[in-house]
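Both of the next two complexes hold chain A, though its partner changes from chain B to chain C.
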Partner chain A sequence: MKLSHLSLRHPYLLSAIIFFVVLVVNFYLQESILEGNTINNNMRVFLPLVLLTAGQAVVILTGGIDISVGSIVSIVSALLATRVGLEGTVNQTLTWFGIVLLVGILAGSINGFFVSYLRLQPIITTYATSFFFGGLALFILPQPGGGIPAKVANVYRTNYPLGLHWAFYVIPLLVLSWVAIRQTRYGRYLFAVGGRAQAAYETAVPVNQIIFSTYVVSGFMAALTGICITLLTGSGNPQIGDPMTLQAITAVVIGGTALSGGVGGIAGPILGALTLGIIKNIVSFANIDYWWQTFVNYMIILIALAAPGFIALFRRNRS
Partner chain B sequence: MKKISISPPVAAVLLAVVLFIFSGFLPNSFGTNTQAAVSQAVNIVRLSVFLGIIAAGQTLIIISGGEGIDLSAGAIVTLSAILTWMIVQGKDERVLPALVAVLLVGAVIGLINGAGIIFLKISPLVMTLGMAGVITGVVIITNHSNTPGRLAPIMTRVIARPLFLGIPGAIIIYVFFAALMWLILERTTFGKNLFAIGVNRVTAKLSGVNVTHMVLGTYALAGALAAFGGFMVVGNTGVVFLSLGQPFLFPSIAAVAVGGTLLSGGKGSYFGSMAGALVLILISSVLTTMQMIDAVRQMVLGATLLIILSIYGRQRGFRQ
Partner chain C sequence: MTTSLSAQNIVKRYGGVVALSDGNLDVYSGEVLALIGANGSGKSTLTKVINGVVVLDGGQLLLDGKPINFDSPHAAKKMGIATVFQELSLVPKMTVAENIWLAREPLRSGLFIDSKEIKVRTKNLLKLFEGTYRISMSMDDPISSLPPDELQIVEILKAVSIDPNILILDEATASLDNRQVHRLFELVRQWKAEGKAIIFVSHRMEEIMNIADRYTVLRNGKTVDSGDMKDVDEKALVSRMVGKETVYSLSREDRPKEEEPKPARLTVESLQTGVIKGVDLTVHEGELLGLGGLKGQGQRDLLLALFGDIPYEGKIVINDKEVDFSHPNQAIKESIALVPGDRSREGLLSIRSILENLMLPSWTNYGFPLNMRRSIEDGDRVASSLNLVMRSLSDPVNSLSGGNAQKVIIGKWLLKKPKILLLDDPTKGVDVGTKAEFYRLLQQLRSEGTSILFHSSDDEELLGLCDRILVMFEGKIRATLVGASITKANLVAASMGASEGNIA
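Entry: the complex of A and B
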């Protein structure tokens, strides 16, 4: 009884425990994990998923889901690689960063329009748009190639301010702005819609607008993720976002946000995203045969997803 | 004002006919040649068989409600195709054991999906997506060294060639399969309970339906049906590769939606999914005739699904 009380009060508790467990395992396999350089290197790889997860968390909080985020990431990568190119100037790159953010907002608005105003089911709608966006990315850039100027990419990859990677500024900023948003009327509306949309509607919450806005946020964050991952790799790939959708949803679930909506926040999912990144580290440092890596990776993800369920199951049996 | 209403399966069939006639007017299509038109029609129905069978399990899961969806269907198809290929080894007498084996494997995978969903309360979307990854991992482990295998001649003869009066064997199997699905959904307690838990699990439980068993059974059956789909696909193509089943996944869900099965569960039919599969195969065939590249085909499929959903997939508004 006490445990269930705790986990309801602090949805992040379990995600924090899982995070520390994988961190310890990673430390055991790779002792340099806590050295400054390794942390910076890890964080620059983890940051894209963290951003994507934060956007997904907002959608899931209101009871929706956005399966199209990965393909929005892909569109951004394809656009940057073809419109800016390896020979582009810094100004050109920055202009296109702005444009792709608008593209992300537009893509999110399309999702939001179908889900909130036409009242289609989020799962199938965003699945359909993921096909549309994914096709668009392949249309813009049929094969991996192109990229952005190394000068710009290096700002993300090596030139950190004060010896700390950008992630150390971006992630606290995200969490802080979430804490601020929670206090506003908009933040309360998010939880109200996720709890019970019909009841929220009856108490004059602008449900449709709120739902619409979450998809716009998610599209924007996906575009930001696309920029980040293009900076990280320096090159374009029209399918780079595909595997990220599941990872982002998994991270949200591990982070203690229920897919049914109304519970959770952003800090837990961010921890979840970091956990997934560390799991990947573990798989690559554990000297696992290359052919086994996909299997092991997904098994760990499934186990992490099942963990809360197992705990609930055992507790129910005891009482 | 009276609203004209056509049931979605009928609408989908009409759409298929219109699309087919339209495809005749395209350059390098059949035009006014009746014989070519008939053989083209038969071919399209034959192609829709594989998608139709894979969509069968999807239909059951979506009808069962609870945000049910099976994203592991594509991976099960690949695994089952590769297993069939490895077990058969070109011997006719091994076909039946292979079929039994893949059906069992599919059912076990489905059962694990169901157990995760009902006991561990993992959302079906995440559970089946994670399972798809695990299965793909298994396929990579078993198949990375290009395990030898070969199809039995009898499979090719029955599935890929004309069997009776010039009708391809696949279509004949499909007819029996569809009759079986209809029986399961409309004439058994299982079918009745399936619709009941799809509408409302709490009321179903209160009226004496064992929801836990129903969910486990539905996912297990769906896994077996997807595995049967893989068996049929490999019988048709004769080759196996890692991404064999993946292209069927999205269309299998789309076919169910196009066929008018409510994605929130509780309402739908397998005939609808069959008609939906036909429509999707036709769209993709029209796009091929028009020589569209893959990227554009993907976009058109996505957009078509959105449009069809906007017509009859809408949920109730808050005001009502």
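Entry: the complex of A and C
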């Protein structure tokens, strides 16, 4: 009773504990983890998933889900690799960054239209559009190749302001904007729609518009993720986003945002995304045979997901 | 400020079903209009048309004489029409204050929510009902942690917070106790004096007689009568509601006279749960034992514990055998049945068919593969014995009216022929005609030897039907009413915790 009360008030508590535990394990296996250089290197790898997770969290908060985000990431990667290319200019790159963000918003609007105004099931709708978007990515760039100018990519990869990677500016900015959004009506509406859409509707909350907007946010964040991951790799890959969709959803859940909606936020999911990144580190540093790595990776994720359930079961049996 | 609202010849269809064929009402500033009718008469639909939750298919709404159209609750609210919804419009995971001001939060610099202002305003609102809710209740509590009466109060405050010209109270008293109803009525009189127009929907005749100035009666989707309350009495109103149907009157004569006590079937000793603080009781064979008192005094917990649905401490003896339930399955094996209080959530699979709902506890008796022909025969038999009004057994159960849906829940247990029947406020929101049938059914079950533990929030029902009445107060049995001590005065007194021990 007390624990569940606490977890409702502080949905991030559990995700913080899990994050801390995996961090300690990682430190045990790789002592350099807390050194500046390693942290920067890690953060630049983690940032794309963090961005994607933040967008997904907003959708899940209202009781929806967006399966198509990975494919939007792929479209962005394909577009940048073909339209800008390794020989492109800085101006060209920036122009296309702007264009792909609009593409993300458009893709999100398509999802949002189907889900909110046509009232289709989010999971089915975005599953279907994920193939549409994924197909477009492959049409634009049939196989991995191309890229963006190294000059631009290096800004992300090596030239950080004040010795801290961009992630250290972007993530606090994300969290701060979330704190601000929570203080607005829009923030309240997100929780109300996810908590009980019918009650929100009867209270004059514009439910359809809110649901629509979450998919636009998610599409925008997916495009941002696409830019980020292209900066990281420097090259194009039309399937680079595929595995990221489920990772983002997992990160949201580890972060204490319920799939049923109405509880949570984005700070927890961001911690969840970092946790997933560290778990990958652990697996690669634990000298596990290659073919066991996926297995171990997902075992750890499963345990992290199940932890609250086990605690509750244990408490029930004791009382 | 004066205002008036008029609904003229309102028509509303849901799919092929006509819920309202000719709904009319007029309500003016400074009066309380009682909107009355049996279940399924179209009351809810008419209120939903007026507050914009559903869009009408025909007819016209006039506000201050001007035609109005709205396509959402938002539009209705803008025109000053607020509703206290029967199925509360609260978001469970948000706090009391957040819920009251949802979509109307006061803002600082046009963007950020002014939580200080919210605090002040919520405090002022909560003062309206001060003293009738728990002292520990706070505006920062999540809605999901509140008991039903406080939820209802929050819902009322939420509607009032927009300072409406027209206020619709749809069964707003259903979860409130006497004190809270009393306070609400004081407030209603005050709002009336301020010039608000109030539409009052309730099943409790006593309250209608008490608060309403005028009435409008709906029957089968049509407005059949309107008039001044001072020209009618309870009986006249009821007969207008039910039309030609006869009204079953509760008379003491139906009750068997003092007989030799029959053997005990169910004995409970020092039963405790989170809410119940030590309850002893005995239900005999063929006894109808009432469970009364104000709402939320532990009646629900007692019934759930006896059904093995929640953990408990204490001793339960059935037919001289001690039992220890940790799952409802075990209770069902001991031939216990529970008709739960929340019909739609606990009692029914609302989108599944009537047949499936009836058969749910009994499928094991129909072999493998399931003998559908026999199940349909049995289903038909139960349906006709309960006078179930339906088109076909294969219709979804949510196509039934409240009273008929309740019959399905009872029917599903009757198929198992229970020896002990636990009823948690089974007539809540059920129309007069169905109630009468239900009372007859209880009498019949009792004469067949079924032991019935019957919780009701309707005092008249308990007084009229039960052999004995246990009155619960704050998790304990405050009084046991037997024979001549079964009077309304005793029941109300014990409910309020006024009298100690047995009144015999």
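In this section, the second predicted complex is superposed on the first by the 319 of 319 C-alpha atoms of A that agree within 3 Å, B and C clash if a C-alpha of one lies under 4 Å from a C-alpha of the other, contacts with A are read in each partner's own complex, and residues count from 1 in each chain.
Everything that follows uses one rule, which is that contacts are C-beta pairs under 8 Å (C-beta built on N, C-alpha and C of every residue); 3 or more make two chains touch, one makes a residue touch a chain.
Just so you know, these numbers come straight off a predicted model, no measurement behind them.
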First (chain B), second (chain C), both or neither touched by A:292: first
Larger contact residue set on chain A - chain B or chain C: B
Touched partner set for A:173, first chain B, second chain C, both or neither: neither
Touched partner set for A:184, first chain B, second chain C, both or neither: second
Which superposed partner A:201 touches (first chain B, second chain C, both, neither): both
Touched partner set for A:301, first chain B, second chain C, both or neither: first
Touching partner for A:118 - first (chain B), second (chain C), both, neither: first
Overlapping contact positions on chain A, where the chain C interface meets the chain B interface: 198, 201
For the chain B and chain A complex, residues of the former touching the latter: 67, 69, 116, 119-123, 125-127, 129-131, 133-134, 136-138, 140-141, 144, 250, 253-254, 257, 263-264, 293-303, 305-306, 309-310, 313-318
Residues of chain C defined as touching chain A within the complex: 53, 72-74, 77, 83, 85, 88-94, 98, 102-105, 107, 111-113, 142, 158, 311
Residues of chain A defined as touching chain B within the complex: 65, 114, 118-121, 123-125, 127-139, 142, 197-198, 201, 207-208, 246, 249-250, 253, 259-260, 291-299, 301-302, 305-306, 308-310, 312-313
Chain A to chain C touching residues, read off their complex: 8, 180, 183-185, 188-189, 191-192, 195-196, 198-206, 262-263, 319
